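So that you can tell them apart, the chains are marked A, B, C, D and E in the order they are listed, and the count of residues begins at 1 in each.
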Amino acid sequence: MIHSALSVTVALSFLTATILSVLSLPLAGWIVFSRSSWTTLGESILTLTLVLPPAVLGYLLLVAFSPDSLPGSLMARLLGHPLPFSFAGLLLASLIYSLPFAVQPVAQSFRQIPLRTLEMARILGAPPFTVFRKIVVPMSLPGLATGWVLGFAHTVGEFGVVMMVGGNIPGETRTLSLKAYDDLLSMKAHGARDSVLLLLLFSSVSLVALNLLRRKGVDSHASDAP
Amino acid sequence: MIHSALSVTVALSFLTATILSVLSLPLAGWIVFSRSSWTTLGESILTLTLVLPPAVLGYLLLVAFSPDSLPGSLMARLLGHPLPFSFAGLLLASLIYSLPFAVQPVAQSFRQIPLRTLEMARILGAPPFTVFRKIVVPMSLPGLATGWVLGFAHTVGEFGVVMMVGGNIPGETRTLSLKAYDDLLSMKAHGARDSVLLLLLFSSVSLVALNLLRRKGVDSHASDAP
Amino acid sequence: MRPMPLEVDLVLPGRGAALSGRRVVFTLSRDSGILGLCGPSGSGKTTLLRVMAGLCPKASGVVRVDGVSWLDSNLGTDLPLERRPVAYLPQGVSLFPHMNVRENLVFASRLAESAGFGKRPPSAGRLSGFRSILRGGSLPGWAQEVVELFGVSRLLDKRSGELSGGQAARIALARCFLRSARLYLLDEPFAGVDPEGRAGLGRILAGLLARRKAMALLVTHTPDELCPLAFGMVRLLPEEDGDESPGLPVQQGQMSGTGAKGLLERSGRWE
Amino acid sequence: MRPMPLEVDLVLPGRGAALSGRRVVFTLSRDSGILGLCGPSGSGKTTLLRVMAGLCPKASGVVRVDGVSWLDSNLGTDLPLERRPVAYLPQGVSLFPHMNVRENLVFASRLAESAGFGKRPPSAGRLSGFRSILRGGSLPGWAQEVVELFGVSRLLDKRSGELSGGQAARIALARCFLRSARLYLLDEPFAGVDPEGRAGLGRILAGLLARRKAMALLVTHTPDELCPLAFGMVRLLPEEDGDESPGLPVQQGQMSGTGAKGLLERSGRWE
Amino acid sequence: SPAGAQAEKAPLHVAAAADLMPVLPTLVRNFTKKTGIPVRISWGASGEEAQAIRHRAPYDLFLSADRSFPERLAAGGYLRKESLRTYAKGILVLWISKATLDRAHEQPGVGLLSRGFIRRIALANPRLAPYGLAAVACLRSKKLWPALRRKAVYGNSLAQVAQYLRTGAAQAGFLSESQSRVLERSVKGHSVSLSPSCAPYLSQEMGIVTRSGNQREARAFEDYLLGASAQRYLMKHGYH
């Protein structure tokens, strides 16, 4: 039981964090570099999924994903099964839910790139997309790493949305975090302890590993003093 | 009813985000600038509160805050009343829960300050604390702003911890997010629409205002190309 | 009648209180070579170069190269940076901090190649994309030649932050010349380079410009040193200090020989 | 017997393949004034200054000022930066980007005051903390004098990013001299400054050093210009290029008069 | 073989109120042993699961902790009307911790709640859970509610109320009999039954999801739950 909840959690968190890291690049790029005055609104909308209580957000997603709705029916035709209560639906919901955590740190990194550096790339004749690919993204690795960590950790602990959209189905949409809650409520002292411990163990191992990696990356880059 | 839930939410979110922004400075400073090898562990622990399902975290906090426990009884003596089911307890829980969201962006900003700049301040004779106060912090305002926004938004939407530690007491610990959940699940369609709309309205106004402010600040700082 | 290689008649954009309404006028009749640009700190040399490169949107006046208007505020012409055949070396450090020296140079040479510069290998075509992946981060042959000319091939594996001031200046200059342009705008290219180095670089520049049939506008604070290489010198007057009144007479960029009168004649028309 | 004002006998730390095992030896017997430091790009001038400032932890050898060992790798002495009475002007831009010019200068003068420098107003004491809040970001009188000396008081309200290259160099130099020190380490302080400016700054420096009874080690790429001001010149030899063998003979910093032999005599002992 | 045929079919999927955690797993195990039908349980708050069923969650059978959610779902056509059955009747109890009682020197009862050493009274959110509503009704009938209201804290489910009591955050609370028995395994306390004296028995209903493809199995499970042995088991664990 714990094994399947663990594997659902691992798959969901890794996929969510990784897909979000990829998505955050164009989104943060738009927010930071577009001259359109819509970006402030866009950034605020991005942050909005944060302020909705997870269960409410989950409910809204459930309505949007429902095969009766247009987006839901399109997706259902694409996937061959309705989105809600499936792993695919859970993934999509997690992506929406954790989006701001991945995008904000990347946007912040983008903002801190000196205009001088961007200008220099343009002067050498780089078209905008090349500037983005070769200058903006490589200089924003710390932000991408922060975004990945926040997205990952947030998905591991996600509860309300997962419950609502996933339906807590063992082996499919039941994550460690749902299981830990169930165990806690059922007052099986041992069960809850096991799943909380597993959750903590799994998370700490991945976070420590990641922080070590990142720190190494940062150290090798920051030694810019002559 | 809605008014009191709104004011609890406003007070809780503003206080949490603001206190966290202040706390994030020493914490991020320690994580980034300390040469101790404990910092990786420290950073990982900071991120851990993220991966615990909110309800489980809420339960653990309830245990820790209980007047039977040592920290809980100390706090109870200090405040004159036990922590659980009080606004103070809710605030403390929110601080713990949202801590990583405020600290990570600030830490990231600290990391991106060029070593050259820090060195220059030392050369001019600035003791470490002055370097921190006059160089590190002012150069990290974008990170502080991101941290404040994430902390604020995250507290507005907080559900599991608030429910567990606060006890959903109207006018005191019942937030908009709890109210929206009640309204939604009790299937009073109208009530839910009102509180969700209010939540969205309140959040979007504050977020748009904040993003506008921040953008202005960033623009005035980033024009460093000659 | 052949058009003038370079005509400039600009009112520099006011930057804060500084420079407001300062006019710079000069014309070149020679097709290639170095024209020096000097003047005291704050007199607008960098601003002039940025206007000519297309980096300063608020300038008014005329910049015309080989008869083509890059900027003509009367007609509303203002070619974007991308469409001006210009290369610009900014003042100060400009290497990309996240790339090592080789990556900096490869980045620039790839961009130059995609603009049609450099001798592509004869087998270019269908396979070239694949090849360029295989070569990975290596410099194409033509770029290697330029890099060797500037004497920086020993430094290719250094990270940008590990260079001495003079080394960084040389590499930035080499990177600038990986780009093919009609007009090179060089802002103090020899800053931080030792005297022997400056003399050598000057000769290299003169040779390259002659071969590429290109002009350079070169900002310098040691005009005497440049004399043997440049065919003329534009000198900007010092900024007016103290209280500015709006009715100040228009100031013009002046061209002077700075101890080498003969250069003035070679410099063509001057007003 | 009075101790030597400055004794240096260092093996520069190897930086990658560069500089490994290079030895620099010189001694000063004069109590104040400018000693020039020149040499080709990459010869280790910046590295030497950083070692003397205490910013390079891996150096070995001896640096002794007025008989006090700042560094003595035989005895294990290595005074931290904070305890060396030294001021260091790094090569390149060094103003704080988030402060305007005035804030940069106020920051430095406050730090100098807290180290006991500068004439505090006579009423200092209980009220001074309160006063310094009231004055807010204004420069104390003594600092204002230094700033006027360097001719940058017109620029106080500019943001760091809005300065021309020469203006930034002047301000960085002024900021460096807000600090009181026994030894000023100046890495190409005149880079980007126009010729008249360089001459003027040189005289200002010489005057200040004489008044403060302080020494300066000044890196320059135009040694001829410095001659009238410096009492000597240390010249570092070029980096060995090509294949290095570990058995290379130890190279020594050399002092030369660069066209002004008389200076050599005034420069005291030299080995 | 029949076992092989069963294995191909999706197991019976039961959406159950979290309040049933103490009893349902054993019942399910017995059911599977008896019929060979595998069962999978998704736990949740009744309200959340009701929403899920409205949005076509792949559940076959809904075991609610009350009767209003199933009835509303049936009215909307999401559950088969004829399949709605009351599978258990809950008993409302007042639970008071032993530590508190020791200070009271009094018989446990609703009257104790006004005393100062009971600082917090936990009950389920009356807007979401019938046990909460029943508790409030009971206190109202004794005219205690206006005074006690300030002490009340609300959990979203009975299970959460039990957590409050377990951690000592609340000194007294209203639970179901079955939850209070589980609670007493980890904390010492005393419970006073309030049904039917002060509150009615609380019917818990179940119903079969209209769209379910496991109608026969769901019906079998309903029958099993209503059967004598299951009912005896429920009775033994605090249901009426």
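Quick note on the criterion: contacts are C-beta pairs under 8 Å (C-beta built on N, C-alpha and C of every residue); 3 or more make two chains touch, one makes a residue touch a chain.
All of these numbers come straight from a predicted model, not from anything done at the bench.
A.B. asks: So which chains count as neighbours of both chain A and chain D?
C.D. replies: Correct list: B, C.
A.B. asks: Where centres are the averaged C-alpha coordinates, which chain has the largest centre distance to chain D?
C.D. replies: Farthest from chain D by mean C-alpha position: E.
A.B. asks: Need the most distant chain from chain B, centre defined as the mean of C-alpha atoms.
C.D. replies: So the chain farthest away from chain B turns out to be C.
A.B. asks: Roughly how far is chain A from chain E, going centre to centre by Cα mean, in whole Å?
C.D. replies: 36
A.B. asks: Go ahead and note the Å separation of the Cα centroids belonging to chain B and chain C.
C.D. replies: Taking the mean C-alpha position of each chain, the two centres sit 50 Å apart.
A.B. asks: List the centre-to-centre spacing of chain C and chain D in whole Å, with centres computed as mean CA coordinates.
C.D. replies: So the centre of chain C lies 32 Å away from the centre of chain D.
A.B. asks: Return the distance between the CA-based centres of chain C and chain E, expressed in whole Å.
C.D. replies: 80
A.B. asks: So which stretches of chain C touch two or more other chains?
C.D. replies: 46, 90-91, 162, 164
A.B. asks: Would you pick out the residues of chain B that each touch at least 2 other chains?
C.D. replies: 59, 116, 119, 181, 184-185, 223-226 - these are the residues of chain B that touch more than one other chain.
A.B. asks: At least two partner chains per residue is the criterion; list those residues in chain E.
C.D. replies: 48, 51, 160, 163
A.B. asks: How about chain D: which of its residues touch chain C in the complex?
C.D. replies: Contacts found on chain D: 15-16, 38-42, 45-46, 91-93, 154, 158, 162, 164-167, 170, 187-188, 191-198, 221-223, 241.
A.B. asks: Where on chain A does chain B make contact in their complex?
C.D. replies: For chain A paired with chain B, touching residues are 40-41, 43-45, 47-48, 50-57, 59-60, 100-101, 104-105, 107-109, 111-112, 114-116, 119, 142-143, 146, 149-150, 153-154, 156-160, 177-178, 180-181, 184, 192, 196, 199-200, 203-204, 207-208, 211-212, 215, 218, 222-226.
A.B. asks: If we count contacts the way the header does, which residues on chain B are in touch with chain E in the complex?
C.D. replies: Contacts found on chain B: 59, 62-63, 65-68, 82, 84-85, 163-164, 167-169, 181-182, 184-187.
A.B. asks: Which of the residues in chain C end up touching chain A in this complex?
C.D. replies: So the residues of chain C touching chain A come out as 53, 55, 81-82, 87-88, 90, 94, 96-99, 107-108, 111-112, 114-115, 160-164, 175, 179.
A.B. asks: Looking at the complex, which residues from chain B come into contact with chain D?
C.D. replies: 116-117, 119-127, 130, 134-135, 138-139, 221, 223-226
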